[in-house]
Amino acid sequence: MSTTLLKLHTPPQVPLETEVISPTSLSGLSESGIEHLQVMHGNVKAKLGDFFKVTGKGGSDIHLEGDLSNVKMIGTGMSTGKITIDGDVGMHVGMGMSGGEILVHGDAGDWVGPEMSGGRIVVKGNAGHMVGSAYRGQPAGISGGEIFIYGNAKNEIGNSMRRGFIAIGGNAGDFTGVNMLAGTIIVAGEMGIRTGAGMKRGTIASLQSAPMLPTFEYSCTYHPLFLRFYLIRLQENGFRRIIQDKHLNGKYKRYSGDGIELNRGEVLLFAR
Amino acid sequence: MVEATQTKSKESKNIKIVKDATCTFCGCVCDDMELTVDLDEHRITKAKKACVLGRAWFYEHTIDDRPVVLIDGKEATLEEGIETAAQVLVDAKFPITYGLSDSTCEAQRVAVEIMDIINGSIDTTTSVCHGPSGMAFQGVGESTATLGEIKNRADLVIYWGGNPAESHPRHFTKYAVTPKGMYIPNGKKDRTVVLVDVRRTPSTPLADIFVLIKPGKDFEVLWALRALVKGKKISENIEKDTGVSREVLDDLVSRMKNAQYGVLFFGMGLTMTRGRHFNSGAILSLASDLNEFTHFVAKPVRGHGNVTGADNVVSWQTGYPFGVNFNRGFPRFNPGEFTTTDVFSRGEADAAMIIASDPASNFPKKAIEHMKKIPIISLDAKDTCTSKIAKVRFAVATYGINTGGTVYRMDDVPISLRPAFDSPFPSDQEVLEGIRNRVKELLKGDKARLAA
Amino acid sequence: MSSELKIVNGRVYDPKNNIDGKVQDVYVRDGKIVESVSSSATKIDAHGMVVMPGAVDIHCHIAGPKVNLARKLQPEDHRLDVHPKTAVTRSGTGGVVPSTFATGYRYATMGYTTAMEAAVPPITARHVLEELDDTPVIDKGFYVLLGNNAFLYKLLKEGRKKEFQEAVAWWIDSVHGYALKLVNPGSDELWKGRKNANITDVNEKIDHYDITPMHVIESFIEAADELGLPHPPHIHCNNLGHSGNISTTLDTMKAAEGRRVHMAHIQFHSFGGEINKNAVSGVKPIIDFINANENITTDVGQVMFGKATAMTADAPLAWMLRNVKFNKWVNADTECESGCGIIPFSYQESVYTHALQWAMGLELFLMSKDPWRVLLSTDHPNGGSFMSYPKLIKLLMDSAYRKEAIEHVNQKAINKTVLRELTREYTLSEIAIITRAGPARALGLENKGHLGRGADADITIYTEEEDKEQMFNAPRYVIKDGVLVIKDHEFATDHKGKILHCKPGYNADIADEIEPFFEDYYSVKFSNYAVSEDYLHHHEVIPTHPKDS
Amino acid sequence: MKINKTEIVDTFAEAFEMCGARVIITADTKQWARAAAASMTGFATSVIRCKLEAAVECEIPEEDTPDRRPGISVLLFTMSNKTIAGQLIDRIGQCVMTCPTTACYNGLESDNKVIVGGKLRYFGDSYQISKLIDGRKLWRIPVMEGEFLIDESFGIQPAVGGGNLIIFGVSKNIALRAAIAAANAMREVAGIFLPFPQGVVRSGSKIGARYKKLIASTNDAYCPTLRSISSNTVVPDKVEAIYEIVADGLDEDAVKEAMRRGIHAAADKGAMLITAGNYGGKLGKYNFHLHELAKSNKNKRI
Amino acid sequence: MVETMILVPGRSQKQGTSLVAGKLKDEYKRVTSTAELNEKDMRRLKLKDGDKIRLKSDVGQTVVTCIAKKDADLPSGMIFIPYGPPSSELMAHDTAGSGMPLSKHMEVKVSKV
């Protein structure tokens, strides 16, 4: 598999929108074909080549280098292949992706994997708000896929998610899993407040304790066997240091909620 | 206030009375003012029916002796100001227009148009006021009413996280608490007033029931109320967590369910604290839930004069209420991405037009630091921290005092203004129209920018 | 400067002037149709094309506070249907409740040049006029919601018929409205005052007023008649959407006793079956009655599958829908005047009720004997977007297409209708009637909906195609007020349409009667209520023909 | 031919096509997994009267099970893929779901699947929860102990039933020793199970009977006691006892390998003669010729 | 002595009237740099009306004048201050995808100047 290397040579002055960076759009294009792809630099139409030096023709394996924290929408609608980002990346990475993998060796901005339906996003650093969330007004969020953040993530992780698996290696902000319809969120670190507010179904698990809303009721402390599947998958995907045997074997406090809604969701907090 | 008393000593024969004028200081937009205008002195000497804020609003708007336009601090003509402003906007790659809560809808419409033409962003003070309530609305909807309906019918009035006595003084007396209404013949006697807040304020004495809540616990209390209204269980630790006892909650729930027509007014105690849009969403949902049992509405108590108009204008022109970006030749909406605080704090905007607001004094430090690095165009009736750092500063007439136009009350009722006296300054609408026309000329032939 | 235009070689459909597909030329000068133009006139060769008057939407919801709430409510809908600007037009967003600019442009791109906003609480008229001013290309007017007005009820209760009619005229004039609109008369008081109750019978007493919905309906029909308004009361009956509501609908139509009345979105009021049971089609008795009574006009309010938004002054109805699927719900009470409910909605082929409604709408069209009186609408966006009109036209014109469509929907529902037996196909002339000539006549717009001398030069030119949906989706040319707005499917220029409104005469003393009521029960000053003419911008007063003059 | 002193008859074992599933049972301890497996494979020796043949395939070390707990692999075969889902649902529902600490997973990768957890979930009375991870759909059914976890669906595939060896001994002890050795060797083969107790059958059967209602009856030709009475007898002099070993396998090769190992093991342990049962090749799809199997190297897989 | 408290900026009448008079004028500056503290908290921190205190958040710090409020009116651990440049100085810029900075609920460290 040949690699397409995109190296940032001119950092954008204002946000750069590059939804064209995905294996499907680049596929079959020559270096100059790729450099001629249109991007939006603020309100100005520009070419990818104005910002990136391209090496190799378009294939399914794309490498990006440089500080892309002001570059938005990389991997939009991606369905196959792999994008590796050596550095930080801006908002909306992997928006609407349905397959393939995005690997970020740095931090990601807000809105990682919005409207995702499949594939995987791995962020080795921290992520911003709304990891795997629905856009505003949308009643259902991501419908599949996996998002693994090794570091911290902020508020509204998995807002309204309908299916899929989100894992945070560090801490989470407030409203983790808010309005969740189903799916699984695991936070290895501390969660902020109001976890699971409005959730109908789904699982939010944490390896730490967390404050609970008054509408979540404690059920029992038990060993949720199914959770092992998720924890094992995390161990196999770079969380081995964080997910330990005690977490696989241990007991969790189960809270069910949200009492205001269906009350079929659960928050599992590692007990011992 | 000092100046108002100083000018009082002068007398003039050229007096005009403006009846049923409208005060645009706060979102109450009271339209029953009787203004006494000294036309020689260019000032309002008396504002009958105005509250303390309204009086300050009317008395303080005199005609200052200051240049219409400053460019880089130097006096310039209106045409030069418009030219420079248009150049700044056209040259920018990520320009944003912000403010507009103290402008007429007519001016707001032109402001949106300019951003549409140059593919910029438009945001209003809504984003740092009840923007989160707007986002909550997009999630859950709302049950609401015009203020007259509340005057006529509401027998249970709950204020949550607000202090109308100081922020909207006539909210109590003109609309929601003391006035007599169609089915509220005895005014306040026929209503139960509940106040929920983290501290006692000058609003507190008016309440029949005051609920003191721990700071930052509004969501938890609202959530508990929603559960109780639906007959669901809540945690036994509720009092420990929130400062509100189960008895108080049960009493509130029973009052709400048994009211004939209930209203929940809420303030920025919800939108500006942790939880933001979810806090607003919780209270909107509570009101909706209560409609299973009785008639119930909820209303944000909105701030500046025409911030509601700004929401309406931006919505009808773009489909979204605030934080709208036109970079790609069509409107996009994403709070946190295209809202002003964020585009400043992240250092994204490369030019800004600030209309009738003062982000340089009330935005976070990091945002203000960025503002100082980019060209700012400011339009304001007063000098502010923002106008001080502006590249182009327009002094404009005050809406409602010097200019007519349309404003929307906090309940979306549109009202036409009755100006009291002329100003030598142009209205913001006129300045904006000048900028719009010039921008159009500058972009002529630039098909790439004109078409998406 | 006089501007002239001649459209040559087109097949012209102008039912009002009895022209049915004849190849003839059409001449335009200064925004009007004329009999001839000079040789320097701009020529459009419409060879192989169909020339029709611009279409008129008699019932839609496109501007004002409820529309704006519905817009704000659905960012998810806009995000997926953007409306980019062009070198001559503004940008916007679409979806089922588009932004104002998108609304105007999109109507125009379908050949519509006039649209009537069907429900405006008078206190919000300023807002409506501001939005309409930002709704480009088309002419537009609005109907004033007076059927639940507290002051008018008071006059009716007191039996002061004369004052009632004066007040009605005052209201229309004060807000620059076009017609009277009644929505679920009597329901507001119960909704707001009796813990979300609703009126269930036209002869039920309305709380506090000692009158009935029937009384209200009769009074407005009489008032419109006396005032000689160009359009009769536009009535949204009680019991919308309830099974067995045909008896209410028939009672309402009978109340007209031969006087003109317009029944809004009649499909929603044509349910047979028993109350609170699964509905069946009740179209037959309804359409029979309409066919037999020439005083009645109606628009169908066709349901089209896909995204819709229930948006109505009938708040109890929205509440009923909310309890079907707990989703976003908006309720908005307007003091002394109206209620309002909004629910994002989606009509699905597989759902019994939705399929039934779809079929009932088509039954109404296909069983109608007088296209001049049974007019095309989807009650946009209640039954679906106005953008689905071309598809609806295809359903009416192409029975094979319709037959196939029938197979894809809930068969249990279809079996409760006679739709399968209806093989009728609308002709182009009939389409021109239900979308142009008919609505214009029902509205009393003498210069609209036809291409005779003196008519407004609102003209659409379609490339004739077998697929009628494709044909009506994108006219090749659209001329508004004589200006070529769309040329070769693209906008050639921006254009501002007019506000159409009425100025019925009345005795100004009525204001003295109304003012004290305002002081007591409204939250705005009486003197600040009436809308100044500044808000009209380009406008046209449509004359009234009062009885006593 | 002969291996050592053991006579290998030139005949073949005739086997049938069946429908197979593999169920992995895990539990907190090996003991509980075994208990569930034992219960689940009870009364599952022969499709003739049990509708299903099943037995433990092997135990699985915890590092190799889906949930990293001690596990047991159970193979279950039926005569058709119409009947397998019902058997799985019944047996898992009655024998595994009921058994403390267990969980139950699919052990066959196959495009052909039957819904099992997706049906058993109704036991959860609407409190059940589904989880989808990496393409695997699991059901969590609340039970008094906690939760019973089971895969939504189980793979099924065509399988081979009725592989067999018939072992003759000069004494009952010798015959049984040889049979046990053969069974143990055969069981080692992956994809193989021996449905009878300890893998050994003493009541070999023939098709039909003198009694009209019976579809099978004792194989009188192999009964030492009937040597002088039965006209079909094949029991040589000096033979005191005969045992049959039935091996079902997920595929033909597994059955062959098992039989190969069985022949050698039985021969090693002093079987006098080894033959196999068939119906003349008319009924089964598979014929396993003993000479062919025996010829191949003792220590090498086919 | 340094204590962590919750700062609640908000509107007040004087903030409103001085705002229209002019944000660059002294009255507005005075109003927006006067903080209310619970009387008991003040005693504990050895503060009296008119004393200067330093408020420090994660992003900035400011010095304001303090005045006492009755225990019943302002709960212990809270500080009220009218909106203005001093409160903005302490405000973090993260809006959590809402556009709204947390303006009414800030953890601040309070110390006497």
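Order of writing sets the chain letters: A, B, C, D and E. Residues in each chain are counted from 1.
We take it that a residue touches a chain if its C-beta (ideal position, glycine included) is under 8 Å from a C-beta of that chain, and two chains touch if they have at least 3 such contacts.
None of these values were measured; they are calculated from a predicted model.
Enquirer: Tell me, which chains sit next to both chain B and chain E?
Expert: A
Enquirer: Return the chains shared as contacts by chain D and chain E, ordered by label.
Expert: Expected: A.
Enquirer: Check A-B against B-C and say which one is joined by more contacting C-beta pairs.
Expert: Of the two interfaces, A-B and B-C, more C-beta pairs touch across B-C.
Enquirer: Comparing chain centres built from Cα atoms against the global Cα centre, which chain wins on proximity?
Expert: The chain sitting closest to the overall C-alpha centre is A.
Enquirer: Please compute the C-alpha centroid of chain A, do the same for chain C, then give the distance between them in whole Å.
Expert: Here chain A and chain C have centroids separated by 46 Å.
Enquirer: Rounded to a whole Å, what is the gap between the Cα centroids of chain C and chain D?
Expert: The separation of the two C-alpha centroids amounts to 75 Å.
Enquirer: Measuring from the mean C-alpha position of chain A to the mean C-alpha position of chain E, what distance in angstrom results?
Expert: Those two chain centres are 38 Å apart.
Enquirer: Quick check on chain C: which residues sit in contact with 2+ other chains?
Expert: In chain C, 73-75, 79, 328 touch at least two other chains.
Enquirer: Mind pulling the residue numbers of chain D that touch at least two other chains?
Expert: none
Enquirer: Give me the residues of chain A that touch two or more other chains.
Expert: 110-111, 129-130, 135-137, 174 - these are the residues of chain A that touch more than one other chain.
Enquirer: What chain pairs are in touch here?
Expert: A-B, A-C, A-D, A-E, B-C, B-E
Enquirer: Under the definition above, what is the set of chain C residues touching chain B in their complex?
Expert: Those in contact with chain B are residues 63, 65, 67-68, 71-75, 78-79, 82-87, 90-93, 95, 97-102, 123-124, 126-127, 130-131, 134, 150, 191-193, 195-196, 319, 328-336, 342, 520-525, 527-528, 531-532.
Enquirer: Spell out the part of chain B that touches chain E in their complex, as residue ranges.
Expert: Those in contact with chain E are residues 1-3, 25-26, 52-53, 56-57, 60-61, 123, 127-128, 131-132, 135, 163, 165-167, 169, 198-200, 202, 212, 214-216, 268-269, 271-274, 276-277, 322-323, 334-337, 339-342, 345, 358, 361-368, 382-385, 388.
Enquirer: Can you name the residues of chain E that touch chain A in the complex?
Expert: Contact set of chain E toward chain A: 94, 96-97.
Enquirer: Any idea which chain C residues touch chain A in the complex?
Expert: Those in contact with chain A are residues 73-77, 79, 327-328.
Enquirer: Enumerate the contact residues on chain D facing chain A in the complex.
Expert: Counting only chain D, the residues touching chain A are 66-68, 103, 127, 129, 131-134, 136, 138, 140, 146-147, 149.
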